[in-house]
Each structure stands twice: as structure tokens, then as C-alpha cells.
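What follows is chain A paired twice: with chain B in the first complex and chain C in the second.
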Partner chain A sequence: MSSRFDPWCAVATVLAILALAFPVAGGEAPLLWWGAPAAAGGLAIFLLTVLHFAWRRPTGAGHNIILLAAVAVGCASALGLVHGGGAGGHTTFGFWLFVFGLWAATWRGLDGLAGVRSFDAGRQRLIDLSVPVLFGLWLVFLLEVGTVGFGVPQVLLPAPSMIGARLAGSLDILAADFQQTFLKAVLIGYAIGCGTGFMVAVLVDRVPFLQRGLLPLGNLVSALPIVGMAPIMVMWFGFDWPSKAAVVVIMTFFPMLVNTVTGLTAAGAMERELMRSYAAGYWQTLFKLRLPAALPFVFNALKINSTLALIGAIVAEFFGTPIVGMGFRISTEVGRMNVDMVWAEIVMAAIAGSAFYGVMALTERTFTFWHPSYRERR
Partner chain B sequence: MTTEALPVVAVRRRTFGRLMAGQTGPVLVVVTAIIVLWYAGAIWLNTPWQIDLFERGGVEWSNADLVRATLAQDRPLLPAPHQIVAEMRKTIIDTPITSKRSLVFHSWVTLSSSVLGFAIGAVLGILLAVGIVHVRSLDKSLMPWVISSQTVPILAVAPMVIVVLAAIGVRGLVPKAIISTYLCFFPVTIGMVKGLRSPDPLQMDLMRTYNANRWQTFWKLRWPSSMPFLFTSLKVAVAISLVGAIVGELPTGASAGLGARLLAGSYYGQTIQIWSALITAAILAALLVTLVAAIERVTLRRMGMGV
Partner chain C sequence: MTAVPVPPVSLATPAPAPESRRRVVDTRGLSLTFQTADGPVYALSDVDIAIEQGEFVSFIGPSGCGKTTLLRVIADLEQPTGGDIQVNGVSPREARLGRAYGYVFQAAGLYPWRTIERNVALPLEIMGVPATERRERVRQHLDLVGLGGFEKKFPWQLSGGMQQRASIARALCFDPELLLMDEPFGALDEIVRDHLNEQLLRLWDKTGKTVVFVTHSIPEAVFLSTKIVVMSPRPGKIIDVIPTDFDRDRTLDIRETPGFLEVAHRVRQGLRAGHSYDD
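This part shows the complex of A and B:
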């Protein structure tokens, strides 16, 4: 067992000891560490752990998990301080030195965890997944401690806990908005846009003239600010979801067209010759060779479009809606300065967008398992 | 005489054939077809309202009158291309630049914030990519978040950024630029991470045998070989930063900018104004992308990578 000195943990130790010397919160009655015994206990556990690891650098998954668990205890006590301990709004040096100490230890732990190599594939995947998740949790912690600790006005940036409470408290409104914007406008528009884009691409592929004439235009159009079509669509199709679906259709059509046309040329000359030597007709070649070869490109478009569709639907709602929908809620609640509701809506949009993307990525993996990009992963 | 005319015809046919064999000819044909379809659509969409108008006015009308009238409505459902061109000419050339009715003025407002946002976003994206490539735990912890943040409809945040910043007194250029920054640093980061990793193991080994340190490897190998990737993502980023600036102008009823023109047009049903703002935005986007592409060509050629 190597007992090497570890600078990060040493920094964490020094910061935690320094933190002890300063009061946690200022104001009229400064709060000292022994004024908050539970938090001081958390600090002590953290301090002892980093002191230990400062002399014996953490190696392997186990050590780093222990270190991160100690960080979690420290984070919990910091959260307790700002929320229940009466330090919220007027935290001082002692508190922030402690947070910086936690930062150093987190960095060490995540860095160590990221370097772990396991021969067990399942375990490796678990570790690879846990690093970004823990990093995300750390960022949320920083945001929470920062907003509550400094007493940032709620209008500027509400604390994550507040957003969570708002999210849980107004599930019915969010569900209605989700149904209006996502289930109606996004999904229907997405299906129509991607479907027509795909079919036009197959058609264009049959006519080389169109291919040369339409493809440069398609490339140009995908660089244009198509969301600007939203007011026109609202004018044509009314305030309800069809106009939003129409915007989504235009936004998703061109990426699909361009990608599919490119994908249909992806099959190699050798394979085509082989199909010819089998006396395969156009349709047979299309279905058995060229479409499967085009699948990675098609899925690329599907993934790009999953994000574009949500953006299109939300932005289109800024131009007029019935009184339900994610974009409507965002623009009206911003006007009323209910920023926590806006954030709740954004969190929901983020979850919906990521889930949509994730479903597409998973489908891609099942359909294009043969593609080299998945083989190289190991 | 006839024998002399022959080569000319042959040359003509050859140039015509070459035009059609390349991209220019087909693109021109498709564009013409789109314009024809546009006119047809304009007549078709504007007819019901026009007939209504004629009947209410008790005017005798022929089909030719109908067509002429549908293409010259004040607030058509779909304005004809020549109406948009006339409107653009009026607002771009005939109006003084300082006037609030001038599209040049509005374009400038939008363009300046999108270019500012693009510059910050590109620098930020490159710095982030350099960090991700060189620091292992950044790669493992930050990269998944950069990727998954692309699946988040960032534009939905736009109105909040604007309003919140306005509440604390930051107005004008900066909030819109922040949205553009937000939108365009993702493609740059992702492209640059790919680009900085693009040198193959053989080249990296060569740098090792030269005993090059990280700094030298970066400036002499990684940075130059990432250039094609950088420009590809810059082209995406510059287009998207314009979108960000336009959307940033929507929510607060901003008084200037192409987005404000779009919003005002949609409030008052001024379709011609909407379309001309839209076409102007499209032209701007195309110009920006072309500009980046031109810089790309010059740079890559000077590096010996160009074609």
C-alpha cells in the first residue's frame, strides 16, 4: 500500500482547520462552530477523513468512495447550516472556507474515481456513470449553498430546493402544459416532419438532378433562423397546437432530408456491385442495403430533431397560445416575476428533452448495433 | 455562314450541359420552381379573402382582376415575393439608416449582439474543450453534461435571462449576447474536443520521441490539426447565435432588432413586414456562414490543408 502524500486532500484539511477558526455566520450574533454541534460533527468527520487521505493518497474505487461519502456528510452539514442553522443570508469566512475544502476533496475523489479501471464491464459502467452524476449533484449543492448562503434574491436565481418544491407543488399545471406542448405539438410535428423529410429524401435520391439542386438549398436552409417562421404559422393555423406542430414540421424537415440523402450514398461501391451481381432490383437494393446503411445518418437527424422540435414548439408559443403550454407558462410567469415557476418549467423541459433524446439514442443502438462506433466503445 | 454558326451552338450546348451537370443549374431550376410555387400559393391562399372583399364592395371582377388583386393586398395571408422585395427595398435602401423603420438599423442591433455572443461563446467553447482534453476528470465529469445540455431546449431560458437581467439593470446588448453565447459554445466545445483528439497515435508518439512537453504538443500538433473541426463547428455556431439573438428579442417587447420586427408584425398582422424581416435574417445568416467559410478556406490554404 502506497502511503504517498496527496496535495488535494492536504489543501482540504488545511481549509477545514482554518474554517474552524472563523465564525460561520456574521450579523448581529455571530454563529460559531460550537454553536451548531451537528454541523461541527459533520465537519469533524470530514476533517478526519481528509487528514487520513492526505497522508495516504486514496487509491482504487473503495478509498475514493469513502472520501466522497465524507464529502457528502460535510455537504449535508453545510446544507443544515444554511437552511436550519440560521446561517442563511449572512454566511462568512468560516463557512466558505469549509465549502472550498469540500471542493478540493470532491475534486480528488472524482479524479480518483474517473481513473479507476475495472475488468468487470458492469462495474466499469457503474463507475463511468457515477462520476458525471456525482459532479452534477456537486454543482446543485454549490448552487443551493451559494444562493441560500449569500441570500441571492429569489427573482435573480431561486435555490434548487425552491424549484424542487415548486415542481412538486404544481404538478397538475405542469402536466397540462406537458400534454399541450409535448404530447400534441412536439410529437405530432416531429412525426410529420421527420416522416415527410425521409420520404422526400428517398424521392430525391432517385432523381440525381433534384439531388444536386435541392441538397445545397437544404444545407442553406438548415443554417437559417427557421424559428422566425413561428408568427406566420400562428397566423395561418390559429393559436392552438396545430400552428406549433407546423413550426416543428418545418424545423425538423430539412435536417432529416439532408441527412437521409447523405446517408443513402453511404453504402459502398463494393456492396452495390454485390447487389447488382445478385440481380437485385432498385427496391431490393434500397431495403436490403442502402436504407440499413443510411440508418446512422437517419438516427443522427432524429436526435438533432428531438431537440429542435421542443425548441420550435416552445418558441412558437411565445407568439400566441391558448392559456396552456410550456412556452406560454414561461413567458407569462416571467412577466409576473414568478421565476421559480419558470425554472420548474425549464427543468421539466430539460427532462422531457433529455428523455426524448435518450429514447432516440437507445433505439439507434438497437437498430445500428453493427456500426463501428459501438464496437469501439469497449 | 452556317458553318461558322455551328461551333457557337456547340459551345453553348456544352456550357449549358456543364451548368446542368454541376450544382448551379439544378439549384437555379429548383429556386425558380420555388418562386413559381410561391406565386401560386399566394394566389391560392389570398383568393378567399379577396373574393369576399370584391363581393362586399359589389365590384364586377374577372379572373385576371382577381389574380392581380391577390398579389397586391395590403395584409395578405402569404405575400408575393415581389411585395417582399419592394418592402425590403423601401426599408433597407430608401429609409435612412438612423430611422427606426430602417431594416438596416434593426439588422445591426441583432447582428451586433449575435456577433458579440458568438465571439464569447467561441472562446469559451475552445477553453472548455482544451480543459476537457487535458484534464481527465473534467472529461469524465463535465463532458457528459456538455452533451446532455444540448438536449435541453436552451432557447426556453431566453425570456428569463432577458427579464431577470433587466430587473437588475442590465439591458441592451449584453443579455441577448449571453443567450447567443449559451447557444453557440456547445457546438464549439464538442467539435474542438473531437478536433484536439484527432491527431492519430503515430503523430502523438512522434511528439513523445521529440521529448515535446504538453504545451509544445498542443501548439504544434493538437491545435493545427483541430482547425478543420473548429471551422465546421464555428459555422454551426454563427448561425445558431443569430437565432439566439433573434429569440432574445422576442419576449420583452424589445423595441429594436429583427426579433422585435417579427413580434410587432405578428401583433399588427403586418405579414409583409414579418416576411421581410425573416428574409433579411436569412440573408444575414447566409452572409455570416459564408464569411466564416471564407476565413476557413484562407486559413486552411495557408496551412497547406486547403484544396
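This part shows the complex of A and C:
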């Protein structure tokens, strides 16, 4: 057990002590720390913990978890102060010095946790997962104390708690929007766009003149602005989800086409000659060599398209839609100044988009485990 | 095709060959010229060579002497621009379509998404061999190259020497008559190379295949071959054909014997005569 000085915890200690010397909130009746005994208790627990770790740098998962737990207690008391603790809207030095102290300790704790190496794969996975989750929670905390502590008008930036409350309160609307935009327009458009892109790529690869003639034209179409295409698609396919799916098809087709065409050339000359030496036919070579070799490229397109598709569907809904859908909700609620609802939709879009991307990335890993970029993990 | 018993042209083979030995490779005046932007490159010029069943023939020469090109013409991976060539009595293309040869490249060229077992099974899958027989043949040939127990590994989990052994198993598993090897051990270190040379010799002895082997290592060529073809560059042509008569069960120890050194000396002389040592 080394007992080394730790600058991050030392900074946190100094900031927490300084925080005690200043009032928490200004305004007509300044709030001092002893006016908020519960918050002061949280501060004291945090202060003692960082003081301890300032002299004994936290090592291993256990110490860092204790440190982060103390940070959580500190965060809870800060939240208590701005919500109903009387500090909301007019926080001052005492409060912010405390938040900066929490920041320093979070930095140390997450840095320490990220460096932990465990031989137990499950444990390692848990640690690897906890770092981004905890860091995300920390950012949400900063946003919350920032918006509530400074009293930011909710039209400009609603507090995360408000967005959360709106999310929880309008699950039925959000579910309907999700179904309309994501489950219909995005998924169907994505499947058609990627599927045809892939099949046309195989065809283009087979026919040399298409490779010379169609690909430049394809680039032209892929450069078409989506805001120009969306109203035309609405005219062609009507107001409901098929026109949005059509926009998604246009957006996803060419990344898949171009990537697959490139991927089909990825198999090396020697591997092809090997197939030739076995007198393998076109389809045998395609299925046993060229498509497997093209998989990393195909998955690249699938990942790019997973986020493109969502953007396309949401933007397309700005140009005429039935009264349901994520894009429709965003454009109408922003007009009614219901910014918290807009943010709730944005949060849902972000979660759906990352989950979609994540599923694609995981699938990629199971299919292209052999690729040099994934090998060392096995 | 030609049943006329023409004696081998320009070959200094003393031919103690049993009368009924079949010609596996037979070329007459074979030449190949690549047209490039900088003018024609004469890769092969007037090459006459006959390789009989069961022989182990090495092509040796400096880079650019056309030894690999010659091997590729035999494999129908390159088209000659002049002369005649027959493989198994038919054109190289027909021989290829008849799966007459297994080709071992300089690198193993195993498919990284297939296990060793499935890599070796690849030609069998393409040729439509049923699964049970496939499994049996793969097991047999992995044992033959000493890779039993590595079936489920992926190529990138094995050393370079083991990968190359797997590629030899892959070339042999569909039982072609002819094994074409293009500097198969060129990328390996000397110790591994010696070891694999001995193993390859045992394999050749055991299977009775005809082997055509491209190398630029004199000891390798002398140790392995029953016949060494010395080639020279610009244009690629045959300088000398040297028969050897070492015991079939020789070991690496023969490399210190006078007989071995004599043959090596003759190879070196041939290379010198072909200006291989010129700057």
C-alpha cells in the first residue's frame, strides 16, 4: 500500500474548505452553510473523504468507488440546495467552490477507475461500463446545478430534471412518435435502402460499365440536399410514413453502395488466385471469399446509415406529416414554446440512435471478429 | 496428346527414369512477354522443360528470372505468348479446371474468418466433397503436416511456419497430382525453414506427389530436389538442368557431404554463367 500525495484530492479538499468560508446563496437573505445543516453534513462527509485520499492516493477499484460515493453524497447535497434548499437562482461562491471541489474529486475517481485492470472478464466489463455511465451522470449533474443554480430561463435550456419529468409524463405521446418515426419510417427505410444498396453493389461489381457509369451518377444523387428531396417525396408518397421512409432510402442507399463496391475489391490477389486454382465459380468466390472480406466495409455503411436514417426521418417530417412523429412533435412544440417537450424528443432520438448504432456495432464485432482491429480482444 | 516418343529436348537429364513415367509438365519453346508502358518485358524466353511424375523439381535463379512466372504459367494464372505447354497432357486451363494441382503461395493466404480446419476444407467445399469425407480428409492432412490439435484455431493465432504448414495441407487435401510451390518458406526464418524442408521431403516421399518448387536458396534447392533448373534473367531462360541422386530418406546432415557441395557448386556456376551475380 503506497501512501502518496494526490493533487486532485488535495485541490478538492482546499476548494471544499474555501467553500465553507463563503455563503451558498446571495440575494436578500444570504444563505450560509449553517443555514442548511443537511447540505453542510454532505459537504463534511465529502471533505473528510477527499482529505483522507489527499494523503493516500486512491488505488484499485475499491478506493475509487469510495471516493466516487463521497462525490455522490456531495452531489446530492448540492442538488438539495438548489432544489427547495433556497439557493435556486441566486447561488454564489460558496456553492460553486463546492461544485468545483466535486469536479476535482470526480476527475480523480473516474481516472482511477478507468485505469483499473482486472483479470476477471466480467468484473472488467463492469468497470469499463461504469466509467462512461458515471461520467454521463456527472455531466447531467453539472447541467442540472448550472441551469437551476443560475436560474436559466427554461425556454433557453430546461433543466435535465424538467426534461426527465416531461419524459415520464408524456410516455404515451413519445411512444406514438417513436412508433411512427423510428419503427416505421427509419427501420423500413433503412432496411430497403441498405438492402438495395448492397444488391446494386454486387450487380455493379459484376458489370464493369455500371461501375464506370453508375457510380458517378450515384455520387450525384447522394449529394442531393435532403431538404429538397423531402417535399418531393411527400408529393410522391403522401403524408404518412412511406414518404419519410423514401427519404431514408435515398440517404442510406449510397453509403451502402459505395462501401460495398469498395469492400468487394478488398480480397487480396493471392486469395483470389487461390480460388482460381480450385476452379471456383463466380458465386463460390463471391460467397466464400469476397463477401466475407467485404464485411468490414458493409458494417461500416450499416453504422453510418443507422444515424443518417434517424436524421433523415426526423427532418423529413418537417415537410408535411400526420399529427404524430418525432419531427412533427419537435417542429410544433418549439412553436408553442414547450421546449422541455422538444428536449424530451431529442433525448429519445439520441437514445434510439445510439442504441441502433450500438446494436450494429455489436453485430459487426461478432461477424468480423477476425479483423485485425478486433483480434487482440480474443 | 502427342503419343510420339520424342526424347526430352535440351535436357541434360541422364534419365535413369523407369520407362512408364508420365510427363506431368511439358513445355516447348515457351515464352511470355509482358507489354508494359516502358516497352516489352521478356519474362520467359524459349523455355523447354519436362517434368515427370514423382519428381521434385526446383526452379532457382535471381529475382526477375521468370521462375515464378513459369510456375504461374503451369498453374494457368498467366498466359504464355508463345510456344507450347501441356500439364497432365492437356492445356494448363483444362488442367486447372480438372483440379490437377495444389498451389502454395509465398504467404499462407489463409482466410482469417475461417478456422484452420475450415481453411483446409475450403477446396473440398468448392469441389463439392460431402461433409463427412471432408472432415476425414482434413483431419488426415492436418496430421500429415503435424497440425493435429490446432483445428479450431484461427490462422492469426498460429506462427508463420504453422500457417504455411496449414496452407500445404490445404493444397494437398483434395489429392492433386501436382504440388506447385512458390517460395513457400521464403518469409520464414532459417531455423523454421530447415525444419519445414525436412518435413516437406518426408511428405513428398510419403505421398509420391510431383512437386515443382520455386526458390532462391541454393541449399534449399539442392537439399529438396531430384532436378534443379537454374534460370537467368532478362530474358528469363534456362541455363542449366542439374539432376541429383541423394537418398530419398536424406536428412539435413547431407548438406556437409562432398556430393551436396558439388551440386551446390554447379548451381552457383550456373547462376554465374547467367550473370546472376553481375551488378
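One rule holds in what follows: the second predicted complex is superposed on the first by the 360 of 378 C-alpha atoms of A that agree within 3 Å, B and C clash if a C-alpha of one lies under 4 Å from a C-alpha of the other, contacts with A are read in each partner's own complex, and residues count from 1 in each chain.
Methods note: a residue touches a chain if its C-beta (ideal position, glycine included) is under 8 Å from a C-beta of that chain, and two chains touch if they have at least 3 such contacts.
The shown structure was predicted, so the numbers you read here are calculated from the model rather than taken from an experiment.
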Simultaneous placement of chain C and chain B on chain A, clash or fit: fit
Which superposed partner A:270 touches (first chain B, second chain C, both, neither): second
Chain B versus chain C as contact partner of A:224, first or second or both or neither: first
Inter-centroid angle chain B-chain A-chain C after superposition on A [Cα, multiple of 10°]: 70
Touched partner set for A:289, first chain B, second chain C, both or neither: second
Partner chain in contact with A:80 - chain B first, chain C second, else both or neither: neither
Minimum C-alpha separation between chain B and chain C after superposing on chain A, in Å: 13
Overlap of chain C and chain B interfaces on chain A (superposed complexes): none
Touch list for chain B against partner chain A, complex: 20, 22-23, 25-31, 77, 136-137, 139-145, 148, 150-157, 159-160, 163-164, 167-168, 235-236, 239, 242-243, 246-247, 250-251, 258-259, 262-263, 265-266, 269, 271, 274-275, 277-278, 281-282, 285-286, 289
In the complex, chain A residues that touch chain C: 268, 270-271, 273-280, 284, 288-289, 292, 295, 368, 370-372, 375
Complex interface listing, chain C residues touching chain A: 75-77, 96-99, 101-103, 105, 107, 109, 111-113, 122-123, 125-127, 154, 156, 174
Interface residues, chain A side, partner chain B - complex: 107, 110-111, 114-115, 128, 131-132, 134-136, 155-157, 209-210, 212-214, 216-217, 220, 223-225, 227-229, 231-232, 234-236, 306-307, 310-311, 314-315, 318-320, 326-327, 330-331, 334-335, 337, 339, 342-343, 345-346, 349-350, 353-354, 356-358
